[in-house]
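Next up: some structures, all given as structure tokens.
Common to both upcoming complexes is subunit A, partnered first by subunit B, then by subunit C.
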Partner chain A sequence: MADVILKNITKHHGDCRVIDNLSLDIRGGEFVTLLGPSGCGKTTLLRMVAGLTSVEQGELWIGGALYNDIPAQRRRIAMVFQSYALFPHMSVKDNVLFGLRIRKAPPHEMFDKLSWVMPLLGLEGLESRLPKEISGGQRQRAALARALVLDPEVLLLDEPLSNLDAALREMAMEELKRIHQQVGKTILYVTHNQAEAMSMSQRIAVMKAGRIEHFDTPRVVYDHPHTVFTAQFIGSPVINMLEGEIERGDGVIGAKTGLGFFVLDRDRGAQAGAMIGRRVRVGIRPQNVLFAPHSAARRASDTRIEVTAELVETLGDRSLVIARADDGTMIRFMITRDESIPAGTRVAALVDGRRIHLFEPATGINVFAGDKQ
Partner chain B sequence: MPRSIVQGVISHTMKIWPLFPAAIYLLGFLIIVTVYLLGMSFTVVDGGAVSASLAPAARLLALPEFRQALVNTVMFVVVGTPLELVVGLWLALMMYQSFRFRGMMRSMLIIPLAIPALVTATLLFILFDYPGGHINHLLMGRYWFFPAVVDAPVNWRGSMAFSLGISLLGKVWRDMPISMLILLAGLNAIDPELFDAAKTMGAGLRKRLRHVILPLILPSVSAVVLLRSIEMWKEFIFPFVLAGQHDLLGTLIESLYNNWGNSHEAAAVALVLVVCIIVSALVLFRVLEGLRRLLVYA
Partner chain C sequence: MSNHRIRYRRLTLYCGIAAAFVLVAAPLYLLVKYSISDPDSINTGGAPIPLWPYSPTLRTFAYLFSDSEFYGVVLNSLCIALATVMLSLSLGVPASYVLGRYRLPGRKIFTLGLISIRLFPDISSVIPVTEFFIRLGAQNTYWGIILAHTLLALPYVIFIGISAFESIPNDLEEQATVMGASRAQAFVRILLPLAGPGLVAAAIYAFLLSWDEFIFAYFLLGLGRISTLTLYLNQKMSFAPPQNILATISVCLSIPVVLFAVLLQKYMTAGITSGSVK
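Take a look at the complex of A and B:
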């Protein structure tokens, strides 16, 4: 259970700076996800930890030792690749034992490890099959087994679920979480899928253009995003972003937008007292807009808005309503399967002011967050 | 005949008819050449009458030049094929790395293929000529940049081992890009993540080569070994230009036909060459299958 510390890491590919002075502190035994869009540098960072890509500037510490110049084959690290990278000419058993054979492990150790990992990952009976003879989910588990038997200090996972269908992915996520609880390894997981990150990780590092935008628990990243990018990347459907200004009204402080005046809760209102008149971007998650055709505000921080529904998208148990206010401001919110809004209908909804997010328009940083991490 | 069978035959014929011209062309040639070769190898002409005979084969077996040419050709194949494989593999592994000017380097390595074999062989002839070749001039100190090493010129091509060795090196130099390209195509077909995976599991370069690279490029290695060994058996130009009287089977055919005017023995040598190639290919199939088992299952 080694901790992984990245200090001021920088990496260029040609003229492009793919990792930009990035620092990250991962505790031993922690499950951390690097989450970001394609090209943000998350796989490059993972490959640096694996030793497959060199560290250009900065320091990489694993288990208290500086790892910058230690080649991949001498690191006690295991990696599961996006393609699984199972050796096509070897059976599942030979794939799983490959690393142990390379390290000249004694036969009894190989036997013990195989006896432990095959049932753990449901691979019994597949020992003699070739990778092409097993399913995608089984391949993913075989790749994971191959990594686990090495007893690595750190386990690196590079989008290992991206080739699985939705049902299999959900099962695999549960399995990975269970395995992490059982083996307690430090896991660094790379994905662009926020659902995977939210459901499995203890902490998420949201990345953009080679930098960490926000590094915290899934709950904090979702509820208190440091930046507009984080707010937009985490959460589905995507958060509504409106233009507004911090104002004082009827003894309360809030954000004035085209949709109305959103009252901030007491704590944030007190902080915003010094920001009166400041332009902000107001983030409202669709889940925090309550379709309420007849009800009045439930609490002081609720704001009633009236909009015209333009589109309704069925998402299964809920539907997404895309609506427009009189001044043209667009807002998206959710309704349950029992509620129905025909397109073109004038509807009322309540916005929960406790859950709105205010960001600096220029920097995109949350006005209550201070400096971003 | 039921209608469905007729329709099936017509449908199948329509699918494969474009193959017919090529198949007729190839088979036609093969049959004509084989029949002619067999006919010439096992007949004699006596006073204008042609009769079946084992005399050409018997005369050939008694001919010391034939036995020496057979030994020389076997050595040419046994040394040349692995040499071309090793050089080709080494170059393919180099070209597989990413480095600046890789494209230009790869183009340069293909240049030998663009030079006709006769030109390459003639250049080597000029280099190693006796007494006035460039190598002799160099070693005798005729060039300002190199000190005199020998007093008298050396008759390089007078030695059988040396003249055939130079022929072999010239052949390998000229044809090595073919092996390199086949092996490079094999390497490029491998998912690079397999190499990364092996690295993260502790495999250094030697173990990656043994456990990952070689087993996965074995189809390409097989292609190189089979194709290049056949080429080595058939080699003509380099020993013809450089080795003079030290024949391989290929040059012996020419000698028997043109110099000694004995077309029936020449045909018999050609037949021996065909048999050697077939036997060698069958042996190599077995060897390569054994190698595959060794690399994949060991």
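Take a look at the complex of A and C:
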């Protein structure tokens, strides 16, 4: 249950700056996900905490102690690699007990740990199997068991679910969450899968090019993305980004785009009053566009748009409509399975103005970043 | 492609394999045949030599095994070969670990150089080595011939060792480190067992190289009291004994080769790393 504090960390690989003056404050017992595309530095950061990569500049504090120069084998940290890195010549049991044997733990402790962790992860009966003799899901759990028996201060997970198929991944996600609740360890989880990050973590650190774009709870990161990058990385299908301008119209303040004038809610409208005439990028999640063939705007903040459906992709119980406005602006939105839109038809939809996001065109930073972070 | 042509191609392929097999197996067959031949099947008095001896016998083996000198040379060869294995492994394993697991500058050139040395014929390197060894007082000594054989085996051991260590995923070593293992513990518990099959192959190679080595043995031991199986065979040949005795010595010389060839096959199929990293 140790906290992990990263202070102004910088790291280069050759000439390339992999981590750029990064700071992060993880509370003890917290489940934090480092989320970002490949090459954003998230694995490097994880390896730094593990002690496999040196800290070039800055400070790494774990449980109140400076860890910069403590070698990996003396850190009380466990890590599950993306490959699981199970020792192929050892049985599941020997793999799980490896760390305890290195520490010369007494036999009764090994027995206790084993009889605690094997049922916890559903590995009973597989003790004497070799890694190549068990399934992918079982390997993933064996790797987790091997990490948990060491009673680490921090548990590091490097894309542990990326080798599992979709159904198994969902089960494993629930299991990881359950285990976190049971053992209460500080978990640092690395993934490029936003759904994993959203469903498991207490806080998400969205990373891009060695920097943290946004660090907050899944809800805040989703509802109030700090940057265009965060808005686009979190949420599926991907958020619509339109070009627009902040304008005053009819006593309210909103954003004018090719699709129409989107009214802002009162709080944000008041703030935007000082930004009249500024160009912005307008982010609208497909989920916040409501297909409404007949109804007029229901709320003052709803904007009615008219577009031509070009493509319809079935996603299961919902479908994604890719549509174009008269001026060529594209927008994607969702319809339910009961609704149907033939491609080429002209449709009307309502955009919820309370859920639109405005970003600075040059920097990509949310224009309202000051109040909600 | 028509069925006919496929069949034709396959037929040529099989003929080729059969020819190659006969080419390799025929001398071995003659060797074994002579070693179990009775005198009548060899000295036929002008009649054609039979394909299989008239009355196969193990008398030649019995004769050879009753010769105490023969025991001595077998023991010598065995000891020299085992010592060569131990010396070349204890030097070669650390070397190949470092070369296989660390991106050292110049490691490619070093490895290339190592193998190039062995491309020179033994007969060209044996003269300077002998001269040098005589100066060291290493001629006619066990340690001299062991050192010489290690010289020959080491490049191969390092070369095989490098690929054995290289093939082990980095994750495994790092995982061991994160779990508290020192570098030495990770080496002994993870890397060594996983490189095992490759290292066994290297050991067998070193053993066989020493076991049937003749040129260096001839130059370094030729005039002294220490003899090896290959020198013993050479010495017997100069007295023109019956073919069956020479053949029997050769069969004895080949026994470990056949034995290890079977073992080697088992260890060469290094499927052991599968399942660790997906």
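By our rule, the second predicted complex is superposed on the first by the 370 of 373 C-alpha atoms of A that agree within 3 Å, B and C clash if a C-alpha of one lies under 4 Å from a C-alpha of the other, contacts with A are read in each partner's own complex, and residues count from 1 in each chain.
Keep in mind that, in the parts below, a contact is a pair of C-beta atoms (placed from the backbone, for glycine too) under 8 Å apart; a residue touches a chain by one contact, two chains touch by 3 or more.
No experiment lies behind these values; they were computed from the predicted model shown.
In the three-chain model built by superposing on subunit A, subunit B clashes with subunit C. By the touch criterion stated above, A:312 is placed in contact with neither subunit B nor subunit C. In the superposed pair of complexes, A:341 makes contact with neither subunit B nor subunit C. Contacts of A:70 after superposition: neither subunit B nor subunit C is touched.
Of the two partner chains placed by the overlay, neither subunit B nor subunit C lies in contact with A:209. In the superposition on chain A, A:150 makes contact with both subunit B and subunit C. In the superposition on chain A, A:51 makes contact with both subunit B and subunit C. Legend: residue contacts after superposition of the two complexes on their common chain; A:85 is shown touching both subunit B and subunit C. Counting contacts as defined above, subunit A residues 50-52, 72-75, 77-79, 81, 83, 85, 87-89, 98-99, 102-103, 146, 150 meet subunit B in one complex and subunit C in the other.
Taken together, the subunit B residues at the contact with subunit A in this complex read 191, 193-194, 196-204, 207, 211-212, 215-216, 296. Subunit A contributes residues 50-52, 72-75, 77-79, 81, 83-89, 98-99, 102-103, 130-133, 136, 139, 146, 150, 163 to its touches with subunit C in the complex. If you check the complex, the residues on subunit C that touch subunit A are 169, 171-172, 174-182, 185, 189-190, 193-194, 272-278. Here subunit A touches subunit B in the complex through residues 47, 50-52, 71-75, 77-79, 81-83, 85, 87-90, 98-99, 102-103, 146, 150, 156, going by the rule given at the top.
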